[in-house]
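Look for subunit A in each of the two complexes below; its partner is subunit B in the first and subunit C in the second.
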Partner chain A sequence: MARAVRNRAETNWAYWSFITPAFVLYLFVFGFPIILSFVLSVSNYGGGKMFGGDPWSLVGLGEYFKLANDSNFWLALKNNIYIVLISVLGQIPLAFVLAYIIFRKIVRWGEGWQAILYVPAIISVIVLGIMWKMIFASNGLLADIINAMDTQTFLTSLNGLLANGLNVTDDFVTKLLAISEPRALTGFTNPLAEIKDLILSNGYTTQNLDVFRSDMVNLLAPKWTPDFLSKQDIAMIPILFVTLWVWTGMYIIMFHANMQKIDTAIIEAARIDGASELQVLSHVIVPNLSGVLANAAILCIAGSLNTFALIWAMTAGGPMNITQVLAIYMFQNAFIGVPNFPLANAISVFIVLFSFILIGLTLLVERRYGGRE
Partner chain B sequence: MKRLALVLALVAFAAMSLVAADKTVLKFLYYADSSQAGYADDMATWAKFKAANTDIDLQMEILFDRPYAQKLTAYAAAGTVPDVVYMWPTTNEASSLLQSKKMMKDLKTVLPADFLANFTSASLDPSAQTSKQLSELPQSFTFTTVMYANVGLLKSLGLSVPKTYAELKALVPKLRVKNVQTVLLPNADKWPAQSCLFSTISGRLLGDAFIDNVLAGKAKFTDKAFVDALAFYGQLYTDGIINISNVQMGYGDGPGLFAANKAAFIIDGDWRVGAYLTDKSNGKALIDPAKQASDFELLNFVAIPGEKNVNTASAIAGTGLGINKDLSGAKLDAAKRLLMYYYGKEVQTVKLETGAFIPTRTDVTSSKLEPLSQKQIKYYSTVPKTTYVLDGALDPTVFGPLNDGLQGIPLGAQTPAEVAALMQKAQDALPKK
Partner chain C sequence: MNSWKTAVAWVGKGMAYAVMGLFSLMTIYPVIWLIYNSFKTNAEFMVDKISLPKEWILSNYVGAWTLGTFDMLIGNSVIFTLVSAVGIVFISVLAGFGFAKMPNKATAPIYGSFVMGILLSITSLMVPLFIQVSQLDRMISDGFHALGMFTGHDVHVFYNTSFGVILIYVGSGLPMAVYLCTEYIKSIPTSLVEAARIDGATYFSIFWRIILPMSTPIATTIAVLNVPGLWNEFALINIMVSDETLKTLPLGILRFNGQRSVDYGKQFAALVIGMAPMLVFYFLFRKQITAGVSGGAVKG
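Let's look at the complex of A and B:
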């Protein structure tokens, strides 16, 4: 008995001897900033030297109440929750299914697909953000493709009107207006008279019909503007799409690597016993990888809550803060405009607490429903 | 042999250390756009300063636009402001803490009076700075609204330069036919619409007296006149004069598009002239001097219906260098030398010739100005009176909702009345003076 106690004490001593230096370092690097952040969040610190500069003191939880009453905070939180959801419920299931397809060799060149899907994860998110911003820009690739199709439709109708040459009458202009984009006419008080006048004053003739066609395309053809990045309720959709696209590959690698550890004999036995691929996936693979799934979810949540660079590069949280997330909201309060350091720190403390809650929930779910690896 | 080499290396290292120890380290946070034409000339002036002041170890950190503002704010927040800093005279976001917390020296107590006598009296007015002292010496007086016009493009399309809003609006379909935007106002960074356009709209329709009255509690942003000014701004988009895509266009994207004939006009500050001039390091110009002379003009913004203050434009004391208030001894001497060099006739002439700004130093002239710089000076004479730049007159918590609103109104996400209400709410929340 005494020996057992002594052994346990020795084990504990050895354990703490090894763990303490790293633990102290960890506390210093991670714990101290969180504590300092909380202290600053309940202070009236206004910048400058923290010690030896303007005096500051603790003033209470006022900034947290201010946060609760700030619509921008709730908007940023909502956007962050969207990112958490697309990460946990989008990236992980999608990556899991794709990893399974590669693992079970359901498609050919699985390793090649894996490499292709992983590529976005190895490119700087700033570069990716700028690239997608250019694709979604008003004169970007997406707009060019869609407008080229719209233009073709308009040109077909216009060519029909010009079958007998260019004869600028009221009837011709009325038909021209009928095939035009209604939004293109909003700037005119009297579209019929004004556009007729414009056509006549530009001196188009049958000899320069190509110029006429080109000009009418510029003026009246439907123009699709990819303005979804500036619409209140849908601005996050392209960002969520890019988030999904960037990180799914990383989880494919993670899941595929862990699937390869599963004893294939179990899978073969299940198949011989008549289990379908879906049953193998749900009864063999998922229970075996529940811990990996939980870890992936934790990574997803942590990554989602501090997401910054991609959105900063794509929209900088704008326009009008509609694509703002908590990290950008914190950054803006700390480094843009008039700095409000207590408020910025309150936001960062909230991010930490919110992460703990979500990670706690993930672990609970894993413990309740997860299998044993 | 190896030992000898080691000894020599150690001796050399020790000698270098001694030399370095003799030098006064001066940390300098400087603002410059490396893509702007005058950048190489600017850097050459600093190289010259270093060569002539071997006792100073000048450690320059050069940034531009948003990264500069963020870095400076971070330095100010941490209480580690560099020795010499490029800064703004008011609570513009980059200099917010420097001005409000008086983190810089009063240059009137640092620079000799006979040196300061070379500058315009307006630039030495401490009341023009939030700190109510000469925290920085404004190197220029900045006109924030200039309508850069591509008159060559207009002429080629048989169009003439508009003088009124109605004439400007009439150009829209005629330009759209040729796939040309009427006015560019890149506003993804939020501040350009406020600083480069709305300040002038507010000045013309309401005047500085209205803003003074709001600050004194005698008027409100929710008054009809101010809401109407915001509505007029929105009308620029609904009338198609400014394309909605400008709301998401980066500030840096404007000059290239304008120079490439993608728009007939661009609204920007006078500081942007430098973007179009010849870069002496490679001989290239965004708009070559011959074209500057024949095809481009700097105009006052068109007459707005109902404007009380005819042809006014917003303007403000310009940026300049400031010295950290904690400096003393050799460091302060070095900083003083740097400022006197920078504000000296030679460097200010380079600034004038590269289109960076028209200096407040009164004895600076040049016969080598490119046409656009000459037109910049001519432009000033078309402005009978200047009005407030709102981010220089209002508290940042008040112009913040305005900047947001100037994106929200064109997007239809906010009404002028809502933006005005948010501004008034922020104004009401300020401590009463």
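Let's look at the complex of A and C:
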């Protein structure tokens, strides 16, 4: 009896000594900060010494009302919802279809495709953000690729017009104008006459057609300059694209691994009964994986509501706040310029509550419509 | 009829290959583009961003390495990543043993709070965390000053110290790791623990001799999954240190993100230096990473 009591006391003591390191650290990093963020969000704390410095007190929900009337906050929320949507409705379906193609062995080298598509997820989003910023820049790679293709198309059409040598007639110039960039012609009052004069006065001959070609490319070929950062919504397109680009590979691996747990006999039976691949996908695979899909959606929501580093590297929320998201807006209120800790903490509380609401909704949808496993 | 069906199947296969090929190309080409452009001169890059370099030069790397103080950044990243990963693994196996094999009324609420914590992102808590850490330092500082110690300068225990960074890194990795360890250790037969108890072994010797060795697979998974996240971590280190000698690779890379920077060569080289270690890590541990991701153990 005494031994059992001693045993229980020892188990109890061991239990606490085993879980305390984890629990204390958990409270330090998650528990206290959550409480602190709520307390500070209803206070007028100015950033000085918390105890023994300038007095501060709890003043109520004022900061939340301020947020409700803050157009920057609503813009950040809207942009953030775009990111949640592209994650949940972009990454997951895309990854699901690609995982299915690999799973059904419609293509070979399944493991190779997965290995390639996961690469972005392993690289720092700071590196990737700077890289994509350079690709989407007005003089970046994307512009160069598209302009190179446009120039090629223009040259092919031009060569068609030059099939019988250079013959500067009204008809030739009209056709030339038809393949030209309309914006390049806006500088002319009468493009037909003026460009004809220009060509004639430069003395191009059939012998130096290369010069003529390159001059026409410079003057008239379609030219595109990306200008994503000039307007709201449009400015989010590169960020949404990169979000999709970075994380889709991870969900492919997750879905593919879980598809492999499905009994293949069911799928083969359905196929023999005449079901198409699409029907197998929608009637067998999706219902079997509804739990995994809900999990993926939850991970997506939790991750995308907190997106920070990628956008920090790409645009830092600018220009003029048009790519603002919640985490960056929170960061700016706390660490840039005059700190507004109560407002920053109100945003922090909002992000936590909002993610729990969205996750709760996801679970409800899964419970209501999900298949039975 | 049969040949018609075969034709449809072939077209479908062709489309599937086209889709996979297109997505793979879009995934890998930007990364390869980044790598080969890091070997171009600035002049060549300005004229032609698309082609391979006419002449492969290494001077971008030499310049970026000295300009970026990469030896220090990488040294810090290695220390923070390794110590934090080991810390996460060790502390979560400890807690997992407690939760899984020692019945206690406290398990339901405490373990439950860890599982809830998986859904919390540390990014959303960076402001209160920063305030907490800096206020703790002030209190400790004031305490020492009141005792007449270290007068004349502030004492930092948590903010701007390696200790503080590692503490926060370990804490932020714990919810997922504790969950994975607890579920794994539950599958170790309880009879092993009970038999050892009857033989008079203490819980600590059971931990060292049975639980820790048997948890090697999950410990490896947790370590391998946490390393990329710790190595690439940006949001926290960005606010937790201001001292140049404590900065890590992502912070150093960001210095090359200047709007005014026209030194593309060095910028590209810096980005390649930034991603190379994790590409090597991926190459070495792809199997383990894939296995961990399959279980949904990484947050996107």
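Definition applied: the second predicted complex is superposed on the first by the 263 of 373 C-alpha atoms of A that agree within 3 Å, B and C clash if a C-alpha of one lies under 4 Å from a C-alpha of the other, contacts with A are read in each partner's own complex, and residues count from 1 in each chain.
One rule holds for everything that comes next: contacts are C-beta pairs under 8 Å (C-beta built on N, C-alpha and C of every residue); 3 or more make two chains touch, one makes a residue touch a chain.
For clarity, every value in this text was computed on a predicted model and none was experimentally measured.
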item: First, second, both or neither for A:Q232, with subunit B first and subunit C second; value: first
item: Touching partner for A:N208 - first (subunit B), second (subunit C), both, neither; value: neither
item: Superposition-derived comparison: subunit B or subunit C, residues of subunit A touched; value: C
item: First (subunit B), second (subunit C), both or neither touched by A:A309; value: second
item: Touching partner for A:M254 - first (subunit B), second (subunit C), both, neither; value: second
item: Touching partner for A:F335 - first (subunit B), second (subunit C), both, neither; value: both
item: Touched partner set for A:F188, first subunit B, second subunit C, both or neither; value: first
item: Partner chain in contact with A:I130 - subunit B first, subunit C second, else both or neither; value: second
item: Which superposed partner A:K49 touches (first subunit B, second subunit C, both, neither); value: both
item: Subunit A positions touched by subunit B in one structure and by subunit C in the second; value: 47, 49-50, 334-335, 341
item: Of subunit C, residues touching subunit A in the complex; value: 12-13, 16-17, 19-20, 23-24, 26-28, 30-31, 33-34, 49-50, 91-92, 94-95, 97-99, 102-104, 106, 110, 113-114, 117, 119-132, 135, 138-139, 142, 167-168, 170-172, 174-175, 178, 197, 202-204, 207, 228, 231-232, 234-235, 239, 249-250, 253-254, 256-257, 264, 267, 271, 274-275, 278-279, 281-282, 286, 289-290, 293-296, 298-300
item: Complex contacts: residues of subunit A adjacent to subunit B; value: 46-50, 53-54, 137-139, 186-188, 194-195, 198, 202, 215-216, 218-219, 225, 227, 229-232, 315-316, 318-322, 334-339, 341
item: Subunit C-touching residues of subunit A, taken from the complex the two chains share; value: 7, 10-12, 14-16, 18-19, 21-23, 25-26, 28-34, 36-37, 40, 47, 49-52, 87, 91, 98, 101-102, 106-107, 113-127, 130-135, 140-141, 144-145, 148, 245, 247-251, 253-254, 256-258, 277, 292, 295-296, 298-300, 302-306, 308-309, 312-313, 327, 330-331, 334-335, 341, 344-345, 348, 351-352, 355-356, 359
item: Complex contacts: residues of subunit B adjacent to subunit A; value: 69-70, 73-74, 76-79, 91, 93, 96-97, 101, 103, 169, 172-174, 176-179, 188, 190, 238-240, 243-245, 247-249, 395-397, 400, 404-405, 407-408, 411, 413-414
